[in-house]
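What follows is chain A paired twice: with chain B in the first complex and chain C in the second.
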Partner chain A sequence: MKIKSPTAVIPGIYLALFFAYLFGPLIIMVITAFNSSNFPRVSPWECFTTDWFGKLVADDKLIEGLGNSLLIGVGVVAVAIPIGLAAAIMLSQVGPRLRASLYTIFIAPILVPGVVIGLSTLIFWDRIGTFFNAPYESFFYDGTFLTIFGQVTFIAAYSMLVFLSRIQRFDTTLTEAALDMGATPTQAFVKVLLPFMAPAIGSATVLAFLASLENYNTTVFTIVSSSTFTTVLSSKVRYGLDPSISAVAVIIISITLIGAIIYECRNRYHSKGWSLVVAERPVLKVATHPGSVAAVLGLLAIGAVLFIQNHDSSACTAQILEDKRAIQQKLMEQQSLDTPAVTPAPTTPKLGPLGGEDTGGTSAPSPFGGNAGSIFSPENLSGSAGSTPSTSDAPTSPPSSGVGGIFAPENLTGSGAN
Partner chain B sequence: MTFAGVGTFMTKEISLEHVWVEFGEFTAVQKANLNIAGGEFFSFLGPSGCGKTTLLRCISGFQEPTRGLVKIGGKDMKGVGPNKRPTALIFQNLALFPLRSVADNISFPLEVRGVDKKTRRKRADELLELIALPGQGDKKVSELSGGQKQRVAIARALAVEPDILLLDEPLSALDLKLRQHMRTELRAIQKQVGLTFIYITHDQGEALTMSDRIAVMNKGKIEQIGDGKTIYDHPSTSFVASFVGENNVLEGTVLTNDGKMMQIDAGLGTLFHVESHPAGGPALAPGDACQLFVRPEALKIAKSDNSLNQFETRFVTEEFEGNMRHIVLDAQGKKLKLSLINDGTHSIGASAPVKLDFAPALGIALKPGELASA
Partner chain C sequence: MRDLFYDLVKRNGMAVSIYLMVAVSLWVFLLIILPQLTMLDYSFRFNLPPGKIGGPEDVYTLDQYRYFFQGSGSSGGLNTLDIGILFKTLMSAVFVTVFDLLICYPVAFVLAKSSTGAKARLLVLALIVPYWINEILRAFAFRILFGSTGVINEVGMGLGLFDSPVDFIREDVALYAGLAYAYILLMIFPLYNAIESLDRNQIEAAQDMGANWWQVHSKVVIPYAKPGIASGMTMVFMLTAGALAAPQILGGPSNLWFTQLVYQWFNSGGNWPRGSAYAMILLVVCIALVLLTMRIFKVSIGEIKR
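And now, the complex of A and B:
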């Protein structure tokens, strides 16, 4: 075999690293969605499961947040796209001096931190609401309304940038020609400029919608008491993750992939070269039509949904649980052998609310997963107590300032005794 | 092509009265005064930046004059937008709508007037027939050749039956052969529909071949208005003399002027006799400085030793152009150009002095002025 020179290999290595960096997290995220472990992780691999999708669908807060997010996304698109288009048209028509300063003004919301926009939107509309003596139920205090307006300030600027790059290639004599041929300015706009801008309007719409959907730092302030997809997700991260978040990622990645594949198929299908190839192959023509590609992908998606609904991994998870129990049992026996003084301690944690191994997925999972969760379990406390036998009475009456102590069931029982 | 029955075209005359256009400090058009008769093929000729396009935009309504009046058919057009004027403009880049089919381009003026789809299509097909592109209505504009696009643009302009057709250098993007072909075609269309054509060009060949009358412009000013022959043979300013066609310029002084003939000393050792023709701008008095213009084709190799206006030159170089031979000669430091028909009769040696002369009627003496830069 011929050995390539190192300089020829470097681009390949670079490319591999680049793609690993780009897609590695996504791949890991997808894998974790199918691991039955309570915490999203790849290893140790427990069971192949699709339960997280079921859990996701059953999560009312998340679904409600998603609904709000979609509503806000549509609202942002409806407001931001006309504003962005108007700004781009304006910039393309004014003189160079005014253009520079207007451009800076229009672009400013992108440069302002989202947190500032969120806070100022909240305060601004609150002032106005107060000024009009509006009741708390009015739209001045409505999370959806505030979030739409807060997001529009910078998403309109994003879409303006998209429009600007397209409108710079617009030949203004076309508008003049339309006017010269008797069109009113409105007709010239609708019949000449808008069709030209259509592709940019399409991409700006997608961009605006996605930017709205994924926005967090502005939304977290403007959403007030309501919630969106991102705020629900972030609270999940804060109060305990489980792989249903990975399931969300899998769904989003699938939708993106399906969309991208159909879009690419459409582009290739309409390319000159391909239309020549399929000119005499009607079967190939039908097979490569973006519609049929979409149908195939749709069927695959439906198949995946059916599979997810019907897959049952309870036997495997039960087995895993059994194994864990056995390990724990063993550990406990080991421990009770080491510290015979504290005999009742090992039995109490099984009833405790934080005994993650017993209650399985139904309780809030600890962020450190099954085995690691045992740092909170009293076995550890008693173990450490056992290693310092001189203060053997400490674990039974721990000082109230001890943070670890609040998780310990001894405290509960102790207070119960008092 | 025949345009009979394409529509009813009313020809309207246009008059510009003291039209000024100023952009801040810059004066684009100064004091333009002219009348264009109905059915006339009128050209504005001038170098780029001379204000001819601005003047055209004043007529089409895209530009309001700073001062003065634009009248179409006797009506003042002040405040009337381009979509309300009876003019149709053919743009330099044609401005065909790239996203519309050929037929939709042609019927666009009807579409914005609310004509129904069937009638529109019928009219578009009629016009396509007439521009010799039958059955090509469903093509994309990008699929047409340059000349075909040109004809589509004309058809689109004619679809509304305008009174005046304005053309802004519509042939400049075409190659030479096509340009020459389109010249004849445009002229034929104009003759057949009898429309008023206002044509803007910097190409004097186009202006001279097609126009009834030409206005030569320079730096926002109309220098001369006249038919092609007058402009070429009897320019009234130095700019027109040097811009239209080629010309040799000799600086000189008027010695005598009796109203018919002038005697001019141009420092070549010969006293030139030149007709002082009536149309030629302000009269020159004895003692005035002047510029003497003699066209390369007006210069002749002297046949005898004592002809009128004879002077001696030396051969410098020759440019060969197929049908013509352009010979550059040196007359006491002045470069002169002599154009000869390549009929094999002339032989000009490199060393021997060449004696030239020209007829008094073909020399033009004008007040010194700005010359067109080459």
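And now, the complex of A and C:
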């Protein structure tokens, strides 16, 4: 075995430090999502809790923003992908001089600050709307449309780059062969070039959708009075740090990791070496199929959701609260001992409300502890028919406090039924 | 334009060519050029109430730009506050860019030259995963990390490095760390692509002829990777200077980023022309700085590719 010289391990140590910088902040953020402390922190550790997820699901603004974001994402994909494809094809067919200047124009939106793009989009459509004397409700002033336009400006350039790297490997003799054999140019395009670009269309779609979801700089200008997932998140962060934001991160990181694992499994599964390994072993072949990996991960995710809904940390939080009150009690006694006979009476009521407030804030029944277990009960699923009130699932707690009931069908039909 | 269209028709047929031309023209004119021109036009106007727009008072003016240089006083004094913010933003962006280059170059080199196959792919995947986490959440993670009761302060105080919590937010340490973190990927990939295509034999030849590791990098690898370095630095610089989320979340209460000024004029200030003028100033100054740097280091724009 070769013994590594001390200098040979330096790259390894450097890489380790680098990835610590890359993942450390994310790991700490994930940990804070499970601490019951009201401020996102790792220490002092209070209780393991999953209540922050409940708070998240109950956040109507965030859910509404997510809905808008998904709609905008679909719109952006629908507009940006055809544009990016057209731009890439055009670049691949023009002469070198025109190509250079076109490339500069096409690439510019990536380098222009997102703030500038958002602002100019807003101004431009506002002016067009004024020119046509359009009413305020028309799409010239609509946040969703403006955001789609603003985001397409640079996301089309991203997707163009994806298409360019694929189209550079396109063998143009294929098209020529098709033309020689009597295909019209349009047929050659649809039957030869488009199928070749199909994988790039897939990855560009994913890229465009994700870029649209996470965009902030442009969106914050173009969204006007509406909101997206990212803008809601940003105002949450700016107006108060709260572990439920860490809970958002946990969900997004989990989805990203699941996607990355499945992607990697797919690559390995289709690699040459692996297909030789599994050729004789059908069980291994099925077990390592991306589909089965996805199924296992999906089951794990469902398990995690069930665990989060059923985990009850109210006993622990109550204990923490008790400890805090005991400490406070001690402090109060200490204080009344320190200042004897001068003002012994007012000290107690002064500190009293503080303790009381604390009690009210944290010892309230945990939103998930209460009635979360009943989400999957059969009554809930059938209960939405007609105007049956939701008394069947949680007779003891009022419906409004039952965060766990967010998935219950009654809640989706609106509070009118109650 | 007409020649271009004929050429396209000959190769793709009429229907496809119309699609290509329409899609690209809509993008270039309706989404890229016209909005920018409108913004430029807006920046030369007074901030008028809707009723007066198009009226006799709606004339071109340099007033918005004058405000950036002189402030509200017409005495000719300099608007040191706003100019200072622009200067500080640019300097910070340069700092973040150089920092990113320094930490990413070794990683890109190791990735490109020592890792192969599955291992390299896994490392690349590990680089991409943090990039898919929302920008806001990444900034939030640094807020937690650097807060007064955050992990850094707890560890630092535990080790006895400092007695009382350091306000990293006010000192802008959190902002720089967060910004550098946000754009690492955009630095690594151009570097990686450039270094990867370098023939290993060139490095070995240099080593055989007695070059030490520093000479290998300064004489062989870096000159070869110059387009990649330029492209990574350009992207990180432009995105850092134009960042809005990270400064809003991680910036100290008294330190503003220039984009925040634009945002303020636009939203709370309600002065669109002035916001446009400030955005134009940011855009022009950033582009000028990038072009100047490329001129100094003798890199042409055409070399910049992803």
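In this text, the second predicted complex is superposed on the first by the 324 of 418 C-alpha atoms of A that agree within 3 Å, B and C clash if a C-alpha of one lies under 4 Å from a C-alpha of the other, contacts with A are read in each partner's own complex, and residues count from 1 in each chain.
Quick note on the criterion: a residue touches a chain if its C-beta (ideal position, glycine included) is under 8 Å from a C-beta of that chain, and two chains touch if they have at least 3 such contacts.
Only a predicted model underlies this, so the values are computations on that prediction, with no experimental measurement involved.
Applying the stated clash criterion after superposition on chain A shows that chain B and chain C can sit side by side. In the superposition on chain A, A:Pro11 makes contact with chain C only, while chain B stays out of contact range.
Of the two partner chains placed by the overlay, neither chain B nor chain C lies in contact with A:Arg169.
Between chain B and chain C, C touches the greater number of residues of chain A.
Of the two partner chains, neither chain B nor chain C is touched by A:Lys272.
Of the two partner chains, chain B is the only one touched by A:Asp180; chain C is not. When the two complexes are overlaid on their common chain A, residue A:Arg97 makes contact with neither chain B nor chain C. Looking at the shared chain after the overlay, A:Lys191 reaches chain B, while chain C stays out of its contact range. With chain A used as the common frame, chain B approaches chain C to a shortest CA-CA distance of 8 Å.
Common to the chain B and chain C interfaces on chain A are residues 184, 187. Chain C contributes residues 4, 7-16, 19-20, 23-24, 26-28, 31-32, 34-36, 38-39, 42, 53, 103, 106-107, 110, 114, 118, 121-123, 125-130, 132-145, 147, 149-151, 154, 181, 184, 234-235, 238-239, 241-245, 248-249, 259, 262-263, 266, 272, 275-276, 279, 282-283, 286, 301-302, 306 to its touches with chain A in the complex. For chain A in complex with chain C, the touching residues are 11, 14-15, 18-19, 21-26, 28-29, 32, 39-43, 82-83, 85-87, 89-90, 93-94, 98, 100, 104-106, 108-117, 119-121, 123-124, 127, 130, 149, 152-153, 156, 161, 175, 184-189, 210, 213-214, 216-217, 220-221, 229-230, 233-234, 237-238, 241, 245-246, 248-249, 252-253, 256-257, 260, 263-264, 267-268, 271.
For chain A in complex with chain B, the residues that touch the partner chain are 171, 173-174, 176-184, 187, 191-192, 195-196. In the complex of the two chains, the chain B residues touching chain A come out as 60-62, 81-84, 87-89, 91-93, 95, 97, 99, 108-109, 111-113, 156-157, 159-160.
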